[in-house]
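Should a chain be cited, it is by its letter among A, B, C and D, assigned in written order, with residues numbered from 1 in that chain.
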Amino acid sequence: MVRIGIVGARGFTGGELLRLALQHPEYRITYVTSESQTGTPVAEAYPGLHGLTDLRFSAFDPGAAIEAADAFFFARPDGEAMAMVEPLLAAGRKVVDVSGDFRVRSQQTYEQWYGRPHVSPHLLDQAAYGLPELREDVRHAALVANPGCYPTAILLAVAPLFAAGLAEPDSLIADAKSGVSGAGGRSTMDASYSYVAISDNFRAYSVVGHRHIAETEQELERLCGSPVTMSFTPHLLPLVRGILASCYVRLREKPADLTGMYRDYYRNAPFVQVLESTLPEIRYVAGSNACHVAVRYDERTRRASCFSALDNLVKGAAGSAMQNMNLICGLEETAGLRHPATGP
Amino acid sequence: MVRIGIVGARGFTGGELLRLALQHPEYRITYVTSESQTGTPVAEAYPGLHGLTDLRFSAFDPGAAIEAADAFFFARPDGEAMAMVEPLLAAGRKVVDVSGDFRVRSQQTYEQWYGRPHVSPHLLDQAAYGLPELREDVRHAALVANPGCYPTAILLAVAPLFAAGLAEPDSLIADAKSGVSGAGGRSTMDASYSYVAISDNFRAYSVVGHRHIAETEQELERLCGSPVTMSFTPHLLPLVRGILASCYVRLREKPADLTGMYRDYYRNAPFVQVLESTLPEIRYVAGSNACHVAVRYDERTRRASCFSALDNLVKGAAGSAMQNMNLICGLEETAGLRHPATGP
Amino acid sequence: MVRIGIVGARGFTGGELLRLALQHPEYRITYVTSESQTGTPVAEAYPGLHGLTDLRFSAFDPGAAIEAADAFFFARPDGEAMAMVEPLLAAGRKVVDVSGDFRVRSQQTYEQWYGRPHVSPHLLDQAAYGLPELREDVRHAALVANPGCYPTAILLAVAPLFAAGLAEPDSLIADAKSGVSGAGGRSTMDASYSYVAISDNFRAYSVVGHRHIAETEQELERLCGSPVTMSFTPHLLPLVRGILASCYVRLREKPADLTGMYRDYYRNAPFVQVLESTLPEIRYVAGSNACHVAVRYDERTRRASCFSALDNLVKGAAGSAMQNMNLICGLEETAGLRHPATGP
Amino acid sequence: MVRIGIVGARGFTGGELLRLALQHPEYRITYVTSESQTGTPVAEAYPGLHGLTDLRFSAFDPGAAIEAADAFFFARPDGEAMAMVEPLLAAGRKVVDVSGDFRVRSQQTYEQWYGRPHVSPHLLDQAAYGLPELREDVRHAALVANPGCYPTAILLAVAPLFAAGLAEPDSLIADAKSGVSGAGGRSTMDASYSYVAISDNFRAYSVVGHRHIAETEQELERLCGSPVTMSFTPHLLPLVRGILASCYVRLREKPADLTGMYRDYYRNAPFVQVLESTLPEIRYVAGSNACHVAVRYDERTRRASCFSALDNLVKGAAGSAMQNMNLICGLEETAGLRHPATGP
């Protein structure tokens, strides 16, 4: 049994970590923080947890945290974990951070895309980029940088093409669509996330220069060994959970069996399902840690169209964080994560 | 480990039974039927179950069923289970039926409300009405009639008032609102359940004479000991999962502490949460087996307003069926049913 | 051509007044106020009006208003118009107020339900309650109190029963469901109106003592000539526009032809459609000034179930305000209001 | 006053034509056909039109049609108008066809993309492609091929780049998202358009080889004078009305002022709004004939991202058909089409 702390448990990812970790057979949640809700019972803030937990929120305190738990999920806004995790790591605690603080290996690249200095650049080398479907190194890390929701969707959609050297490296266009729970907190209320502004509506945002480009290009470069420049446009769907990424890549040559290549690439990835005769749909992954992927080739344009669907709060955040936590704690990768999608 | 059969696994309730039973620690699903999908892998029909099951659908056959499983969920349309369950019961198998076939104790009442003869009237006495929050007798039955989704919501909302003799027995008005997954099958496609007909829309239906009145009045009469006549109107919400029932009851006298009385009444009911300062919301129960209940009294009108929220596919169907199955199989009542709501 | 001013044009009702009045063949909008958007072009605040107007928002100033327009819609929050309209009326301008300020005839009743003093009680007698389907006196008024959205729906659903003396006067229960645009402003952002809080959700609110009870009981008493006490519960639907009211009334005697009686009662009401073989649905009225009504009788309970559907922003607010404005300005009652519903 | 016939008035586009044409100040609808609803009052099939029309559906008959009306909208499925319009044209009637029958100039290209022979190839030369924002020739035609909804959105998003010779002609990727009313009829019910299949869901479809590619490439080639090959992927949004197209084009050189160039290109197009500081959103065009467009340039990738939003039933079908009809009948281009968006 691993004693688990959740730091920043009042945002959407924090809430999802609570929901999932409470059902995990090997976790016991012993420490939960929220600066705005200190002292409040967790089940009062989350009526969906009524009867399932007696925990209360604390304010974060490193000493109390080290005392209370063995391993921590950090779910604070970008720029905060980098100033908080060091004492926990020094005391031998493990950390999975869901913010963008440790995803970009190069300090300079980080500062360019995030527009702020990095206060703990020495930790960047220690952190593993937590996409175990593409990387072996995660299980040996004490600090895991959990990938962004969009990068997870895009990387799982196109990784086999880049790893095989089939992709023209400046040809990737990723047009991604996310539900509103990908867009931050519950309390920082903003009229652009009101029901009236989202329902029956659809729009692009952050059309140029979204931060998630940095980590996506970094990982693709690692896979293909040459510089990658991508276009990325996020959009906001009128639904709560889910991302669908539609990625377009020009191929160097006509491929043989793309679906077969994908299946081979993901043969050891328990959460990636490569579809053959159907296309990914958000409803078949929402609520689960699955990522559904499909690829099609168009001879007219020499482009592969690559689609992936995942739940931005699960495989795109809390579920993937638990998958990483399982690995660094020596548990089964899939422990506590084999929920089916919730769609009827 | 109980070997479980699901008969009629392609409707909404059947699909939810699959989703929940696959996660149950003490169940092993060994038999799954669908007349229209015989031979198809379950995970092909339900892409949300990819990677979680290798089962295939069979056509129902009593002999094969008795061989394959110890206990059965029946999720066939009204009027079918009554002709199918007898050989299974005779062979010592247990059955929880989610249709309306065994809910009404009196054959005459059944035939009047359902407009068809009952082909196995001798089974009506054997069947227990499976609302364990109101009845002790469920755990001793071999055949459980799982309550309707609306009756579950209404009964849990008003039972304490009728049990205490506070309710005027002809005063109950139940105005209930359900998501579209309450409205039958997946394959019997009908333009009134198209996206265009449901989204941005709301309407009442079956305004006079809905079948669920029969079982609701029956159980209320049992609680209060006198004849009950209720008005009931179902409505269709633009959402998939969830029922909210708003019930209005005139009281014989001014009550003391209604919320306290409700809490006392449900003190041993693990899935009923009586709210005090807030009101039930569908989002806090969807995906879970919880029923949230609240009651308010208005002196001007001498009426109590009683609200309940539940997930029609879980506490209103598949979850409640598993709760009953747990009881008749001697398992913990809550086994496999402590999922939090899925809302973020 | 009537020169029109809209005071408070940045709320939902103000926006709808702009949308409708811009299409009115006999109106010219000459004055539009918003305290928070002074100087901003209207089409910048409402991108849906791009290319349709060059107006800019002003701050409200009585002198400028009197100069600029002949007739005014007031769409300010409750409690403000009562302190603003007097100089306009004194200068011979006409006013239709969509707030609750002038709906209740008795100062004492107003203060009891609204919990604040009325600063212009002498205007209460002058104001006509603007539901022309029930009242003849509207067309002679200079000040019209536009009815609340819920009272409009409830009154149109049950008026014929009360006017005919058929209704038991303490038996009315109105269970009403509204889209979120009924719940106030655009700028006063509140996490309970976020997409995540509304979508896939449904809940009751203001379960006891909603202000709209006062005007509804007042008008029903006028119709039936005796004291009326009703129960009223509003609920929040996951959609933007529309109200459906389900009203239950016990009848003194078995009625003959309820639908016929309703059709007769509304024979001169151009916006009320009494349905016979179908029930009201929000999608068939949204975007239009129509109110669809249906009534059914249940002999078992001696209750009539009365349903009405309307668009809370049109017949429940801006459209009805234009209908009243047409009447007091001597225009055709239906001018500018014959839009079909927008549903496909 | 133009006497208008609507042939095929029971699909989504036919219904929208009814809704819009009933409000047109210069149209009188005199002929409405539906093969499945012959004899039924139009307002019975469309309850949103109650009180607005006494028309009944006829079965199509060329003689009766020629007698009854001066100009016709054809809203039949692909492949039918080509066999129906000739007698009407021969009798001097005007026709705007919303199907794909006359959009592709080359018979061979038509047959290749549509997979069927064209039965009236001699009419292909007569038909004008009805996108008046890009073409002058529409107003002189007797037969107008109304563009597809996706092509309208894509062409309006990228035309200025192709007309200016800035676009690399094999670089266009159009990732388009549509509401479900773009997907055919009301009666041809299909479980993939049920509420459960669409709500809380999002997916791509027709990933390779969608018919709309043919007309889009044809018109872009006309604009830029060289062969164009595009990738096009449609997706299905959980909403009823609206398309957002996100188009990616690599530019030959760094452009100066793209927004200025767009504004100049569309200076005479009354329904196209080029946004500068904001991006198109479906809610600001739904219900109106407007198309909102924006363009952004990314130096890192040398790509322009071009966005357009329109209502697929209005500017994407019925509204655009009325715009074309206005032009060929010598009316004001905007007559009957200046509705604001319906969003609050």
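FYI, a residue touches a chain if its C-beta (ideal position, glycine included) is under 8 Å from a C-beta of that chain, and two chains touch if they have at least 3 such contacts.
Nothing here was measured: the structure is a model prediction, and the numbers come from that model.
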Topological distance between subunit A and subunit C, in contact steps: 1
Partner chains that subunit C and subunit D have in common: A, B
Centroid comparison with subunit A (C-alpha atoms), farthest chain: C
Rounded Å distance between subunit A and subunit D, as computed from the means of their C-alpha atoms: 39
Inter-chain centre distance, subunit A versus subunit B - centres from mean C-alpha coordinates, in Å: 36
Centroid distance [mean C-alpha coordinates] between subunit D and subunit B, Å: 47
Set of subunit C residues in contact with two or more other chains: 12, 181, 196-197, 199-200, 238-241, 281, 283, 343-344
Contact set on subunit B toward subunit A in their complex: 12, 15-16, 19, 22-23, 46-52, 181, 200, 240-241, 270-271, 273, 275, 278, 281, 283-285, 287-288, 290, 292, 313, 338-344
Complex contact set, residues of subunit C against subunit B: 170, 173, 175, 177, 196-197, 199-205, 207-209, 229-231, 233, 235, 237-242, 244, 246, 248, 279-283, 286, 296-298, 300-301, 303, 305, 307, 309, 343-344
List of subunit C residues in touch with subunit A within their complex: 12, 180-181, 186-187, 189-191, 193-200, 238-240
